[in-house]
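Read from first to last, the chains carry the letters A, B, C, D and E; within each, the first residue is number 1.
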Amino acid sequence: MSYTLDFSAVIERLPELLLAALATIGLALAGMSLATVIGVLGVVARRSRFKLLRGLVIGFVEVIRNTPFLVQIFFIFFALPQLGVRLNPTVTAIIALALNGGAYAIEIIRGGVDAIPKGQIEAGLALGLHRGQIFRHVILKPALRTVYPSLTSQFVMLTLTTSVCTSIAAYELTSVAQKIEADTFRSFEVYFSITLLYLVISSLMMGVFALISRISFNYPVK
Amino acid sequence: GTVAEAKAKGTVVIGIQGDNAPWGFVNSSGVQDGLDADIGKAFADYLGVKAQFVPLAVANRIPALMTGKVDVLFATMGMTAERAKTIQYSKPYAGNVLSVYGPKDKKIGGYDDLKGVAVGVPKSSAMDTAISAGAKSANILRFDDDAANIQALLSGQVEVVGGNQFYGDRLNTAAPDKYEPKFDLTTLYNGAGTRPGEKDWNETINAFLDKIKADGELAKIYDKWMKREVPKFPEQLPDIPFTAQ
Amino acid sequence: MPQSTAAEVPLIALDGVGKWYGAYHALKNISLRVRKGEKIVLCGPSGSGKSTLIRCINHLEDIQEGKITVEGTTLTDSGHAIDAVRREVGMVFQSFNLFPHKTIMENCTLAPMRVKGLSKPESEEIARKYLARVRILDQADKYPAQLSGGQQQRAAIARALCMEPKAMLFDEPTSALDPEMVKEVLDTMIGLARDGMTMICVTHEMGFARQVADRVVFMASGEVIEEGPPETFFQAPRHERTRAFLGEILAHH
Amino acid sequence: MASIGPNELFFLAQGLKWTLALTLIGFVGGGIFGLIVALARTAESAALRRVTTGYIAVFQGTPLLMQLFVVYYGVALIGLNIDAWLAVAIAFTLHASAFLGEIWRGGIQAVPKGQTEAAKALGLHYVSTMKDVVLPQAFKISLPATIGFLVQLIKGTSLAAIVGFVELSRAGQIVSNQTFRPLTVFAIVGLAYFLICWPLSLWGARTERRLQTATR
Amino acid sequence: MPQSTAAEVPLIALDGVGKWYGAYHALKNISLRVRKGEKIVLCGPSGSGKSTLIRCINHLEDIQEGKITVEGTTLTDSGHAIDAVRREVGMVFQSFNLFPHKTIMENCTLAPMRVKGLSKPESEEIARKYLARVRILDQADKYPAQLSGGQQQRAAIARALCMEPKAMLFDEPTSALDPEMVKEVLDTMIGLARDGMTMICVTHEMGFARQVADRVVFMASGEVIEEGPPETFFQAPRHERTRAFLGEILAHH
């Protein structure tokens, strides 16, 4: 084939792509912050005395983890309005990412909590701390530390998942790329460029994650 | 390959869209169908070879053409000057009568009324191109396909949609008497796409199109899928050459 | 119980305590009285129920039979009784169980602040006192992983002391330590004992038992087999099982 | 305009068949190369470790969709015309091997160092140390995470649509565009995914619990 | 080295061995000769380099200075020399390191089959011999987790013996055991020593040292401080540090 790559069309619209990349980062950050909160609260609920609450959390996790993200985001966007809840694409995207990431986060963080030696909890009890205090002051931080690598790689996946949000017309990198592709038919140039952009974004995320880890988990372990 | 190669092999590989009824789609028996498929078949007959169809999505139709995975695209491609920089269009063979559809109780008379309005369009479609150009300050939401676009209107996620002439029926089935066409967008023409510089394909297709336009075959196919008459095609479009240099 | 006079109210009293793990009968009809200031050494073969016994005392395990009273509070399942008892009784574990993400100082101040509601300066004041008491005040700002085993165990003792408990429970506090570090922890415990702390201590350090115990209690298969002051316990054990156990323990030393 | 009838359901079932075939390809290819990646990632040679770290970063850091695109169309651009099956096999192998390699690396490193040392002290060679001592334990440790990834891979096969496979998701999209009932169609598609993935997830969770009680 | 006559070729010889972990100097100019049949007990405070020393002997760690020779083979980085040495030297770890996914029998037959290329029946024959030797033949089909600590350590000893090594290295083989299980493992080791096995053993069990050691070697800060037969070592240690160490170790027994 005598196709010659010509990036001029992409370069011309690079500002659009970079802006969209920022939007992708924004969606990812919002999604993962909320996912962390859902993860922690979910683990608390998962350990609660109330069977119904535990069951709800388990059901939530199973449904989310075993269905495609596309289906989830479709339902929030297209089906919820029939129940009177109408959310714009960006809000929908953030909620869908948060729920999806949250379900994984619940499972991951729960693993970390389960891995905390029983002695730590007993030491807390023996000192007179209550269950909530023990979770907050004794368990949470070491648990997050042990699962930090899995949690962050899940979050990198979440970042890449933002590309699916294009299907509900959310503004992010892939949707802008597709628009540019449609306008110019420069498919290769556009897709190569955003592959690179995604790689930069995920590398950036990993760097930030490493930094956060160094700051928050600065205590030595044997 | 070249036209000669295709003739020697006895097949021409034609890319159509897989999910864009009634233009080009795969029906529930897994067989390609629609206007583009029928024109493709006619083209194969014209060449005296068998047609091999490759159903494509919006995202991969151009790559499939450029990498030689298909010989020619009959893939519902609206002809624009910018796109013409990348691929070689043939003469137009179909016209898109595009309109804006909206609820009956909403007053929309033209592009100016779309200011700040949430408008749904199918991604990479002629409607997208037209509304993007016509109503710069509209809030355009681009969905993956017609089904999602229509669903967005029904769910109230957008206030109006840009659609083709089939939207009227579909909307009426889903929500009787609720929606109506508001105004027509500039008509866009579809052309077949070939790799730039490949004169043989371009010339063959143009000759083929001239033939079916003249002998009424296009009119028959048009009537079958579009349920209307063949529009009058322009002799030329600004910055969109129909013939390869 | 021969040692406790009827007039004196015991600090810790167990009456006919029975404990099951599922079908396994781990504690059988245990009765024990510990007066204020008394030091008890608990020994016995592995699996005899020593840990279970002291874990029942501050309700890390619940019991199915009998009752346990600490300073007049009977341990029921009510949250209040449990809280009260845990505030009065400190516990030190074999594996230290310091919180790895908190400095030694933070380990010591956590419970005073959260449980007693003391201010940070107040609880740090107390922490400094007890860290000095176990001679690791200079390590206060380090994390547990930065200390040696002996220092960690002394930090764990200080952490328990910071709640100013009436009694201390020790579960094999030196058995996870390197031989050289055993001494520093035992010395700390001897010091505590001298200061009059009430103590129940599970240990195989018979030198320690001889030196500080008021009574040695020997358990086997979930029962208290024999108890008595260390002299008579070591010199003239009454039961065959006690003799066999002492033989094993002292063989290689 | 068609409605959702037996024809449409049959069409979706056809898609499901492709989904399963694609998963199998990804898992077999990813499994074999993932093992190599995991071994290289835990090798003594620093160069080897660095190369695999880069490999993992690239294939975990870019969307699978783009990987498929680059392998199928990008490679064709430089004149290598490869079959769609081969392209999918390569792309899924690259993708899955990066993830599985990382998961299994974790498993290998979670095997106590004493195990390798004991094997070395007995005079066992690298291959035997890995095959007889480390990997059996590492796989057991990583089994839950491996199953978790398998579930994600099943869902990820939907992206093979870009090279022309009409698997479950694409079939759903096509049916949705014929029937104009995207919600119903995607509910069916979602349910189909759930019915394949859920038993796997349950099995993974059960294995995890069993392993945990075994180590306690 | 006073004990090795020039005429005799030592089984294990260390000459001016130096070892660094990064910038940390873990072994300093160590020279040591072990004759066939000799039993060496290595002791010293924590961190003095005892483990490092015996791990260097079968190349679990590499050295930066000096040389180590086992049965005439000098340990270089060449794969052959390492393989040869590892075949001649068995090692037993503090934490047993049995393979948890293999039965005791499979633990014992793995190396003979893979390294020596013996058939399954042959290696099972050998395994039975040594499992009987350490008195756990009846446990052969169980998995490690189903055995007590003492049994596990004896299985680890049997596993090493199955390679029929010329010498055995022990790194604190009893320190992870409950007090009661120490005896059974020490008895096994005493038996081995009586049968003439060459042994280097890191241990704090001074009773064992007295009973079987030909020489006790005392290390501190990566150096050999003092060595001699147990009688003189325990009764009349020459160095201040040795005296201090012995004082600590024997204090509580």
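Definition applied: contacts are C-beta pairs under 8 Å (C-beta built on N, C-alpha and C of every residue); 3 or more make two chains touch, one makes a residue touch a chain.
Predicted model only: the values in this text are computed from it and were never measured.
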*Going only between touching chains, how few steps reach chain C from chain B?*
2
*Selected pair, greater C-beta contact count between A-C and B-D*: B-D
*Can you give the whole-Å distance between the Cα centres of chain A and chain C?*
46
*Go ahead and note the Å separation of the Cα centroids belonging to chain C and chain E.*
37
*Express in whole angstrom the distance between the two chain centres, defined as the mean CA positions of chain A and chain D.*
19
*Hunt down the residues of chain D that sit against at least two other chains at once, touch-wise.*
69, 73, 76-77, 182-183
*Numbers and ranges of chain B residues touching at least 2 other chains*: 59-60, 63, 66-68, 144, 148, 151
*What residues in chain A touch two or more of the other chains?*
1, 3, 78-79, 187-188, 191
*asked:* I'd like to see which chains touch which, written out pair by pair.
replied: A-B, A-C, A-D, B-D, C-E, D-E
*Would you tell me which residues of chain E are touching chain D in their complex?*
58, 60, 83, 86-87, 89-91, 93, 95, 97-102, 110-111, 114-115, 145, 156, 159-160, 163
*Which residues, counting only chain D, touch chain E once they are in their complex?*
112, 114-115, 117-125, 128, 132-133, 136-137, 140, 214
*Interfacial residue positions of chain D with respect to chain B in the complex*: 1-2, 7-8, 10-11, 14, 69, 72-73, 76-77, 81, 161-164, 166, 170, 173-183
*Show which residues of chain E lie in contact with chain C when the two form their complex.*
45-46, 178-180, 182-183, 186, 204-205, 207-208, 245, 248-249, 251-253
*Can you list the residues on chain A that touch chain B in the complex?*
1-3, 9, 77-79, 81-82, 86, 88-89, 166-169, 175, 178-179, 181-188, 191
